[in-house]
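So, here's a batch of structures to check.
The same chain A turns up in both complexes below, where it pairs with chain B and then with chain C.
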Partner chain A sequence: MIEFDDVSVRFGAAEAVRGVSVAIPPGALAVLVGPSGSGKTTLLRLVNRMATPSAGQVRVRGEDVALADPARLRRSVGYVMQSMGLFPHWSVARNIGTVPALLGWPQPRIAARVEELLALVRLDPALAQRRPAALSGGQAQRVGLARALAADPDILLMDEPFGAVDPIVRRELRAELTRIHAATGKTILLVTHDPIEALELATHLIVLREGQLVAAGEAAALAAPPAAPFLRALFGPEALALRRLSLLRVGDAALDGPAPDAAPEIAPEASLAEAWILMQERGAPVLAVGARHLPWSALLPR
Partner chain B sequence: MTPAWPRLLPAGLALVALIWGQDALSLAPNRLMPGAPLMARDVLPGWALLSLPLLLTGAAPWRGAPLAAAAALLVLLAALGMAAAGLLEGAAPAARATLGAAAWLALAALAALVFWPGPARVLAAALLALGLGALAWGGVLDGLSLAVEFHARREAVAAALLTHLWLSLAALGLALALASMLALAGLASARLGAFFDTLLGGVQVVPAIALFGLLVPVLAALLGAFPGLRAAGLGAIGATPALIGIALYLSLPLLRALRTGLTATDPAVLQAATALGMGRGRMLAWVRLPLGLPHFLGGLRVAAVQAVGLVTLGGLVGAGGLGALVFEGMAQFATDLILLGALPVVALALAVDAGLGAMERRA
Partner chain C sequence: MSSTALAPPRPLIPLPGGTTMRGVLWQAALAIAVILIGWSLYNNMLANMAARGLQFGFGFLNRSAGIPIGEHLIPYTPADTYQRALTVGLLNTLRVAVLGVVLATILGILLGLARLSSNPLLRGLTGGYIEVIRNTPLVLQLVFWHAIVLQLPSVRQALNPLPGLYLSQRGLKVPALMADSALFWAGVAVLVALVAWWLLLRRERARQEATGERRATWAPGLALLFGLPILAGYVIGAPTVEWPVLAGFNFRGGLTLSPEFFALLLGLVIYTAAFIAEIVRAGIQSVQRGQWEAARALGLAPGRIMRLVILPQALRVIIPPLTSQYLNLTKNSSLAVVIGYPDLVSVANTSINQTGQAVEVIAIFMAVYLIISLVTSLLMNAYNRAVALKER
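Presenting the complex of A and B:
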């Protein structure tokens, strides 16, 4: 869906991105993570030509973005940023309808779409006529998300989308994003400097340091040991282990052969993290998974 | 709430002028000769004393103060008008009864109390306008030399007022077109913007009269080289040099306001507009212009008031307007004629300022 092919970006003497090659499959929720100054925002902005590569090629839907019309490309890709940038002189409804208006949709269709989106991001329809200044941080961020989704783009770019809201709202919005991603199947590329957020959201992780790719791949595979030293340093060993447990399913780790009679039952779709919590609560070293069994040793990295 | 005591200042001035002022009215043998000064207490009818309690209530800190001040002003003006008519009785037909410095000072001080910022100001202004209309309609003011001059010049004043309005609007429109082009160029290149700013700042340093004088030979040479321009209605003297010169002056406040308004937009908002796929034109029309509107209106207000004032100087190069009356009066040493030109200019400038100020607050 999105491919970076040996891409470098140079700002004057400084090289923000150095020879990055990575591909993001359709439907992924790919998280770009790394310390500040690692070039993750620049990499994100290459996708809708808000930045231009000094070398290499960026392809979106198989086409080189350098050949695309920038305005048309941007209207086809949703964009959410930390500071939101809502238009302060427009109502919430008009903010959300910006891209449809740019695309020349008729008014009734825009109004209907705005109503749909308010429901999708779970905003009170009564807010539609308010100005952005009257919104809370969380509400404003939901409006920003709705605006990015307005013309139903298949790709959504999010630059530190939850950076400006408090931790409780952030947790809520992350859950909301996971839900919307599952419901819409869009390809999402999200930038964060928060490793925990990255591990919680990502189906795919792209780890950057000083403009270079450190690691990229499916989140579960990257979180499995032996993780690269930089990954361990970035995420911390505990978070990495916990995340791995929450990504792997019981059905994949269960061993053949029945469990002891008293063993508690767990569904094969459950995560290893849930299995571990059940073991702790029941004091049971083995769980029953249908006709198979899951000993606690199966939770350990092999 | 602002303190009440500053209102005592104009009230005190009015009192001092009315009690001790040497020149409330003067009777002159004709419109050009200076007359013999008369004090208020010697010439005003007894009922004029009614304006004193009204003046005091007009200075007091209460809601109805501007209304009382307006009433005081109307009573005083009526008394002055009656006194003038009395003076003229039996005098030669060319004799004129003219308002003196003390009367002007008292009237101006009372007007300040009427328009003092606060509640009931608009109501008081309406009362004043209504009262003035009634006094003029009833012929109470006909004895005053200013009214005599006005009756003699009624058509000329009306025509000059219209010309003045037209010239102000045309100069403002011309300046707006010039400033918009320069501001857009400045948006594309910050260096160019700073250059235009300096250039127009330089124009401000040239005195208006010198600039008009400079434009006359330049335009004459231009018209000599391209006679077609003359056919298009341009001339080396008259409205053309005045409009060009005034537009150059007005361009600076407009350009400054446009530049501030266009560049003050929150960078995050501009970035969002870019990311959503707005082109330059859309970003200007949908984001930069509406968000800069309060700045633009502020600049427009300054420029419009300046336009009304500067067009007065256009009378010097034959552009007409109220300035022509002022300069004609100055040439004749006819104070009433000067005032006949100047008072509408002041009223016009105040009205434009108040009107655009109200728009600015709403934006």
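Presenting the complex of A and C:
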């Protein structure tokens, strides 16, 4: 869906991105993560031509973005930014309807779409006529997400979308994003400097350091040991291990043969992380999975 | 140590509403002092006027003024009354102030945008202009422009940059449209064209809502705007234009902008535009950078970003200081006296010299400037309320 082909970006003498090649498949929730100054935001901005590569090619839906009309490209790609993105002199409804209005949708269709989006991001429809100044941080971020989704783009770019809200709201919004991603099947490219957030959200991880690609791939594969030293340092070994467990399912790891009588029961759809927690809480080395069993050794990477 | 609560100060004599007798007494004393000072000043003035054989009053307004005024928007001869002479002066002030405000706003906005340009040459040039103009006294600039205008060639060698336009020591000559029936019908044609354009715009908007498609209306609109008056000219006859013609030592016909008016207008516009440019620049820069980013990311074209997103937010910062500049321009127009343009202050000065009724005349022009300023503020405040950022 989005491909970077040996892309470099230069700002004067400094090189923000150096020879990055990575492909993001359709429907992925890809998270760009790395320390500040690692070039992740620049890489994101290449997708809708807010930045231009000094070398290499960026392809969106198979087409080179250098050949696309920037305004049309940007209207076809949703963009959510950290803060200050809402227009304070417009109502929430008009903010959300910006791109549909640019695309010349008829007014009733825009109004219907705004209503639909407010429901999707779980906002009270009564907020539609409010100004952004009357919203809380979390509500404003939901409006930003709704605005990015307004014209139903198949690609969504998010630049530190939860950076400006408090930790409790951030957790809530993460869960909301996972839900919306599952419900809409959009391809999402999200930038964060928070490794825990990256691990929690990502189906695919792209790790950058000083403008260079350190690792890229499916989150579960990257999280499996032995992780590269930089990844261990970035995410912390505990988070990596737990994330790997939460991406694997009990049904796939269970062994044939019944469990001992006293073993607690767990569903095959549950994650290994949930199995691990159940084992901890019950002090049980083995869990029952229907007619099969899950010994604690099955949690080890194979 | 024991905790101590601060006891509220006890009023001397409690009055309803929390006020104290002491406060009321102070205010009453101040009011009495103001009245006493005013009364003593008034008596002092009457005594001084009596010593010079003058009487306080506005009766002189009905006497014949005998002041020659070169430029008048209403018919005027030196035999007319002081009242009429002062009215002529006021109209001259309003003429230069209104034209000056309009032109300074246009020039100021253009300069303000140029100051933010990404082109270093344009940015540097406007920066230099603004610094030089803002930091030299206006009186000096007016005298300078007047001297320049007076350096223009004599009437017989008048510059003729465009047909019908003559620039000479006597000022600027332009062709005049004669108020006849053909001009009336041409005006009607322009109005009809504007209404038709508006109807077209409405239809296209409705079409866009229904089908999502929209056609540009500027081509048929402009065709209407120019076509209809031309058509009217062919059918009814073109409006008469009076061209200035050189006859002997002066021009005949056409409209004249006197060198004084021209120099004053030029000086005020160039001076005030420099301040307005800085106000516009500051207003635009007060809008957070994230707004540009967001608008760009949504796919708005640069012109639309400025018009729909940046300017509406910048206006709330621009309007209050802009109002001050409008007031300044109006009041600065009284410097006309140094280059001999007959504005209100200039006529009033002559009236004082001739009648000695200084207090009355100064009271009149203070009242007039106060009214002009208050009306300007009122209008600008109403406009500010209309564009202000609504919080909910």
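Convention: the second predicted complex is superposed on the first by the 300 of 302 C-alpha atoms of A that agree within 3 Å, B and C clash if a C-alpha of one lies under 4 Å from a C-alpha of the other, contacts with A are read in each partner's own complex, and residues count from 1 in each chain.
Criterion: a residue touches a chain if its C-beta (ideal position, glycine included) is under 8 Å from a C-beta of that chain, and two chains touch if they have at least 3 such contacts.
All figures in this text were calculated on a predicted structure; none of them were measured in a lab.
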* Kindly say whether there is room for both chain B and chain C on chain A in the superposition, answering fit or clash. => clash
* Give one of first, second, both or neither to describe whether A:V20 is in contact with chain B, with chain C, with both, or with none. => neither
* In the overlay, answer first, second, both or neither for which of chain B and chain C A:R131 touches. => second
* Asked: After superposition on the shared chain, which partner residues are touched by A:V250: those of chain B (first), chain C (second), both, or neither?
  -> neither
* **Contacts of A:V58 with chain B and chain C, given as first, second, both or neither** => neither
* Structure fact -> The answer to whether chain B or chain C touches more of chain A is C
* **Which superposed partner A:V121 touches (first chain B, second chain C, both, neither)** => neither
* So which chain B segment collides with chain C once the two are superposed: 7-15, 43-51, 61-69 or 115-123? -> 7-15
* Set intersection of chain A contacts, chain C complex versus chain B complex -> 48, 50, 70-75, 79, 81, 83-89, 98-99, 102, 147
* Partner chain B, residues of chain A touching it in the complex -> 48, 50, 70-75, 79, 81, 83-89, 98-99, 102, 147
* **Of all residues in chain A, those that touch chain C in their complex** => 48, 50, 70-75, 79, 81, 83-89, 98-99, 102-108, 130-131, 133-134, 147
* chain A contact footprint on chain B (complex, rising order) -> 266, 268-279, 282, 286-287, 290-291
* Tell me, which parts of chain C touch chain A in their complex? -> 208-214, 288-291, 293-301, 309, 312-313, 389-392
